[in-house]
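Down below are the structures I want you to see.
The following pair of complexes shares a single chain, chain A, combined with chain B in the former and chain C in the latter.
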Partner chain A sequence: MKPYFKFELSQFITNKKNIAIYVILLFLACFYALNIAPSYKPIERVDAKEIEARYTSRESFIQNYLNDPNRFQGMASGGLFIFPRWNELDKKRLESLNEGNLKKYASVTSKWYTFSNDLITSTGQYYYSPGYYTHGNLYASDDGNYGYSYSASRYAGYGEGKSKLSINVFEERTALQTLQRLLESYLPMILIICCVFLSVDIVLKDRLYPSLLKGFPISDWKKLLIKGAVALIGSVGIIIPISIGLIMIGIRYGFGDFGLPVAIYTFVGEPTYFKKGEFLNTSMGMYLLQNFIILILLFALIISLVLLASMIIRNEFANLLVGAMFIFNEIFYFKRGIGFFEEVENYPTNYVQVGQIISGYRNYIYNSSALTFDKGVYVLGISTGILILLIFVISKFKRYKLV
Partner chain B sequence: MWKLLKNNLIIERSSKKNIFAFIFVALFIFGLAIYMENWDVGNIPAQKTSEQQNVLSALSLFPDMDASADGDSSDLYKNLNEQQRLIALQRISANLNKPDMFAESAINLAKLREETFQLEGFEEVEEFLPTFNENKLESIFYERLTSLDIPIFTDNLTYYQFLIFLFGILGSIWFIFLAFYTCGIMIEDFNHTSLIKGYPLSFDKYVAAKGISTMSIILIFIVEIFLCSLPLIYFRGLGDPSYPVAVFDGNYEIYSIAKYIGVSVLYMIFIAIFVILLSLILNVLLKNMYLTLFVELFLFVLPSLFPRLVSLLPFNPFNYINFTDLLDGKSLELAYPVGLNSTHGLIYIGISIVILVVIANLFLSTGKLKRA
Partner chain C sequence: MLELRNINVQFSGRTILKDVNETFHRGEIIGLVAPNGTGKSTLMNVIMNYVKPNSGKVVVNEKLQYKTKKDEVKIHEVISMMPDQSDLYNHLSGIEHLKVYCSMWNSDTDLIDKTIKELGMESYVKKRTGTYSLGMRQRLCFAMQIVSNTPIMLMDEVMNGLDPNNVNIISNILLKKREEGKIIIIASHLLDNLEQISDRIFLFKDGALVNSAVVSNGIGKSEISTVRVKGLSDIAKEILINQFPGTNVLPLSNGVSLIDVSSFSVEELSQLVVFLHDNKFTDFNFGNVSLGDLYTMFYIKDNTEINTSANAAGLAEEYIRLKQELEIVKRAMTIVARK
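Right, the complex of A and B next:
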């Protein structure tokens, strides 16, 4: 078996298409590090000016109305009730930022976010950061609620943790935090598409030189197993070009460390229609490890799917389609809040957005509590197992011979 | 050559690749209809609510002041307050089903927004408002609607309305789909060179036959798009083919849905010929199906990675491949804005096709390919 493994691996590495995929990924990673990462504008900025503007206008309101005889009429009383407490937090934020005491800034900011979020959700008279209300966003206040609670939990973690703090850490610009943000947006899609491309011809390329390959004294089933393993190793190798981009970001903005807190949206018990979950912190190392495990399982699932398709359909275009259908299937049934009514957690196609599953964002928008790491491992593991079993059974039929 | 063409078509008819491509196109269209239904695409009250929140958050950047006509606040603040009032009016008229009121306030709103671009401090609120281009398209759309007396509130899943939405997406994926479909156009033949040599025909004729048979399959894809949308007539009705669509084709214009679809189909056919030729040549040069695909996709995304290229090289055919963005005037919203003309686009793609034909002829008659 070993010589065949070496043979497959060398074929895989020297394949022009595979080299092209790695080169394209390297190009994209460098392009991201040099061009897109610097222009990242987080909604939750660390901006002394913004805090000061808010503080002074509220402070002048308080000064104007505090001794006004009409202060109990109309809206003024509401402002007089809320603004002093809000302003106290803002004042502390401003002071600690000017002193350079980042630890204190983190813990006060966490309180500020909790206070603001409670106020905005309960009264409906105030708004989240304007950044959420962009043109065309129909779910701005939902996003704002998520962003504020997420930030509150994150900043609390910074205040208590031992990590070295900086403005870049607060704005999530360091290399590891960039990776975290990317995992929650389009990086998993790119990785899985690359995996499909890497494995798409691994079986069908043999049809060009059948006489050569019939010479290997090894059964079809073992061949497939080795091919799958080679494709999996190759897919994990995608990490190399991506880490080069991350190193470039790290040199510029710092690397961050594995102890940094990552806020995870968790739901204890059954969700109800109005009840929302809460945010709990986990460490960056744990977060990335869980992501990695789910990604590997997804790779294994995709590769076994492609292997099965290559055996039954024997057409590369069909392989690509099967892969694409798996990746994009979720758009067809996705709807905000549908997790409350349907058991979306049982569909393996639901776990493509790895980062959003681990961070709980998918639970938030699906209004579900079941899309978790454990459930993901369980569902993906079982589906991969079933597919491998199918491959085993089918490889025993003469009709589906490989070459 | 006709016999060869017939032979090719018989091969294509039983090709698994084609069967899967047909299934894919059908699934895509049904999926899109389900998606539109699920996401409530084009729900006017929901859109207006979010628009109102945008303006409210733009207003939250200002201290509260007197916004009446002779008040002491800035012009921009007054303008935004007036916008806020008009959007509220639109929401009400949408909910109460008063299309006249809706259109009138839409036109007034667009006029107000046009003024904001000259006002002081506009940069700070820019992200909350539609771009100049979007606003212009909306304003001419509603002006035409009121002048023609066409109903405003329509079902977005009627046949023609759905087609508009569909073609609005096709612009960005048609090229990608074709690149996937045609990237291996000659690869199979390289594996059987002895077979090709046996044909009693010159090689360029053989290639021409191959290109034509692929093109005819692609034409069937285009027909399939219309056929697969037909069930919507049964479920939701036909819609109105003369319903206006605001486009930018060098100037701001109003097309009817029928004309919009016509222009799109014309673009799709031109792009198909272009991609087939590109795949043929790249196949010969690179001798690898995936490298061909990657090169084509790279050329496709290059203008969006480096927007400067669009204004530097307006004759680059890849600027015009995404015909939906072209007709939406998206080139005016780039960092280096440039007004791309859709008729010129067809001409540039046409010229590129001629150049590719010449290149293909030069390459294929030198006999380089035969030894592949």
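Right, the complex of A and C next:
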């Protein structure tokens, strides 16, 4: 098996299409690092001027009220209950920023987010940061609630942790945090699409060299197994061009560290339709490791699917179609909150957005508690196992010919 | 040992191989001769299990058969088929191809250098095969099979695109491999070369394998022969038939006509030579029946329909007998020369 593995691996590495994929990814990673990452504007920014402006206007309101209590009536008095505490927190945030005490800033900011979120959700009179209220977003408040709770949790983690803090860390601009953000965005999809493209011809390319390959003294099953392994290694190799982009980001904004807290939305206990979960922090290292494991399982599943399609349909476009169907299948059944009614956690296609699964965001928008790392490992593992079993059975048919 | 037992192959109702029964032994070079599309490659594909026969089986080393996928792997460890030159990886070098074949069959790596040297491939073996000429590619394909070093080797059109020097080099290597005890089955259109190196030669007729050696048995009792004349025109042919009534003249596609003198007496042979000489046909001979003659007779006969009564095997028999009658012809020639 070893000689065939070496042969397949060398074929994979020298394949022009595969080289093109790596080069395109490298280009995209560099473009992202040089062009897109610097223009990233998080909704939850560390902005002293903004804090000061809020503080000043509230303080002005309080002073005006104290100077002339008869001037304000009705709801305005509500401000007097809220603004002093809010301003107290904002003042501490400003002071800690001016002092350069980032640990204190993190602790106070965590409290600020908790207070603000409780206030907004309980009163319904206030709003989250404007960044959540984008055109067409029917769930802006939901997103704001998630964003504030998430920020409260991670800032608490910064305050309690030992990681070196900076504004870039707070705004999640460091290399590892960028990776975290990307994993919760389009990166998993890009990686899986790359995996499909890398594996799409791994079997069918042999049709170009039949007389050279048919007589190899190795069974079709072993050939397929090796091809799958090579495609998996090649897909994991996508990390290399992406790492180059991350290094570029790291040089500019810092690399962050594996001890940085990552807030995970967690449902404790049985979910109910109106009950929300809470955020618990995990380490960046654990978060990335779990992402990596789910991604590997997804790659294995996609590759198995492509291998099976190659055996049955024997057409590269059909392979692409099968891969695309897997990647985009979730679009056809996704509805916000549907997880409460349907067991979406049992669909392997539900785990494509790896970062959102691990961070719990998918649970949040599905209103589910079951889309977890453990469940993902289970579902993807079982699905891959079934596909591999099918490949094994078909390859053992006496009449079946791989080439 | 390689046994073919009752192999029958049909494609779309057309019989390609019919009741093929043959056993090949260690240290044999087997030649397969037939026009294109008559079953040579199909037979090799059946031996490799690339084509499933409608009936019959291939038995290797008395016990191995294509019963399971596991058996197929075991058989492919001992049988290899020369790759087609159009299937080479153009972006890989020759030596990379050789290394792949050597490692896949786990053979001796020294064979690579040895084969490169024997085939004179040193100057280009490290270049990408995309830059190779037809002959270079063909030599590489041959070298790949040699480094696989399997006990049974199948070679389809091994001499394609090779110059006489390389044909000679490859022939010598094949003879060495035979000495090592390998079974080598070669399909080729280089009939003279095949005749020189093969221990047994088989022709295909209507899907059946016809052993040329079997046809040559038992000759020497009749008094028949052939005169091979070049450039015999239709007019001359008519005159000849008038002068020698009942004589079969078989014009071949290469411009040579075979005159069947099986019933001729020595005197008649002498008269024939005189006739040819008088009509300015100086390019004629009584040489041995070659594989080329046999091939032409075997496959061209049906097209020309000169002799519709004789079946293929019978016709082959007639011409193999010529070998043993050559002495008689020589005597006739001596008489003519004296005249």
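Keep in mind that, in the parts below, the second predicted complex is superposed on the first by the 393 of 403 C-alpha atoms of A that agree within 3 Å, B and C clash if a C-alpha of one lies under 4 Å from a C-alpha of the other, contacts with A are read in each partner's own complex, and residues count from 1 in each chain.
In the analysis below, a contact is a pair of C-beta atoms (placed from the backbone, for glycine too) under 8 Å apart; a residue touches a chain by one contact, two chains touch by 3 or more.
All figures in this text were calculated on a predicted structure; none of them were measured in a lab.
**Student:** Quick one: chain B and chain C on chain A, clash or fit?
**Tutor:** fit
**Student:** Once chain A of both complexes is superposed, is A:24 in touch with chain B (first), chain C (second), both, or neither?
**Tutor:** A:24 sits against chain B, while chain C stays out of touch.
**Student:** Scan A:396 for contacts with chain B and chain C and give back first, second, both or neither.
**Tutor:** The second partner, chain C, only.
**Student:** Looking at A:14, would you say it contacts chain B, chain C, both, or neither? Reply first, second, both or neither.
**Tutor:** In the superposition, A:14 touches chain C alone.
**Student:** So, A:320: does it touch chain B (first), chain C (second), both, or neither?
**Tutor:** After superposition on chain A, A:320 lies in contact with chain B alone.
**Student:** Could you figure out whether chain B or chain C reaches more residues of chain A?
**Tutor:** Counted on chain A, the partner with more touching residues turns out to be B.
**Student:** Considering only the touch criterion stated at the top, classify A:248 as touching first (chain B), second (chain C), both, or neither.
**Tutor:** Once the two structures are laid over each other on A, A:248 reaches no partner at all.
**Student:** Considering only touches as defined above, state whether A:208 meets chain B (first), chain C (second), both or neither.
**Tutor:** Touch partners of A:208: chain B and chain C.
**Student:** Please give the least Cα distance, whole angstrom, that chain B and chain C reach in the superposed model.
**Tutor:** Chain B and chain C, overlaid via chain A, are at closest 9 Å apart by C-alpha.
**Student:** Check chain A for residues that touch chain B in one structure and chain C in the other, and list them.
**Tutor:** Common interface on chain A, chain B vs chain C: 208.
**Student:** Within their complex, state which residues of chain B touch chain A.
**Tutor:** Interface residues on chain B, with respect to chain A: 16-17, 20-21, 23-24, 27, 31, 34-35, 38-39, 46-47, 49-51, 53-54, 56-58, 60-61, 63, 127-130, 180-181, 184, 191, 288-291, 294, 298, 305.
**Student:** Which of the residues in chain A come into contact with chain B in the complex?
**Tutor:** These residues of chain A touch chain B: 16-17, 20-21, 24, 31, 57, 127, 130, 132-138, 140-141, 197, 201, 208, 313-318, 320-321, 325, 331-335.
**Student:** Taking the complex as given, what residues does chain C use to touch chain A?
**Tutor:** 48, 50, 52, 68-70, 72-74, 76-77, 79-84, 87-89, 91-92, 100, 103-106
**Student:** Considering only the defined contacts, which chain A positions touch chain C in the complex?
**Tutor:** 3-4, 6-7, 11, 14, 208-221, 395-396, 398-399, 401
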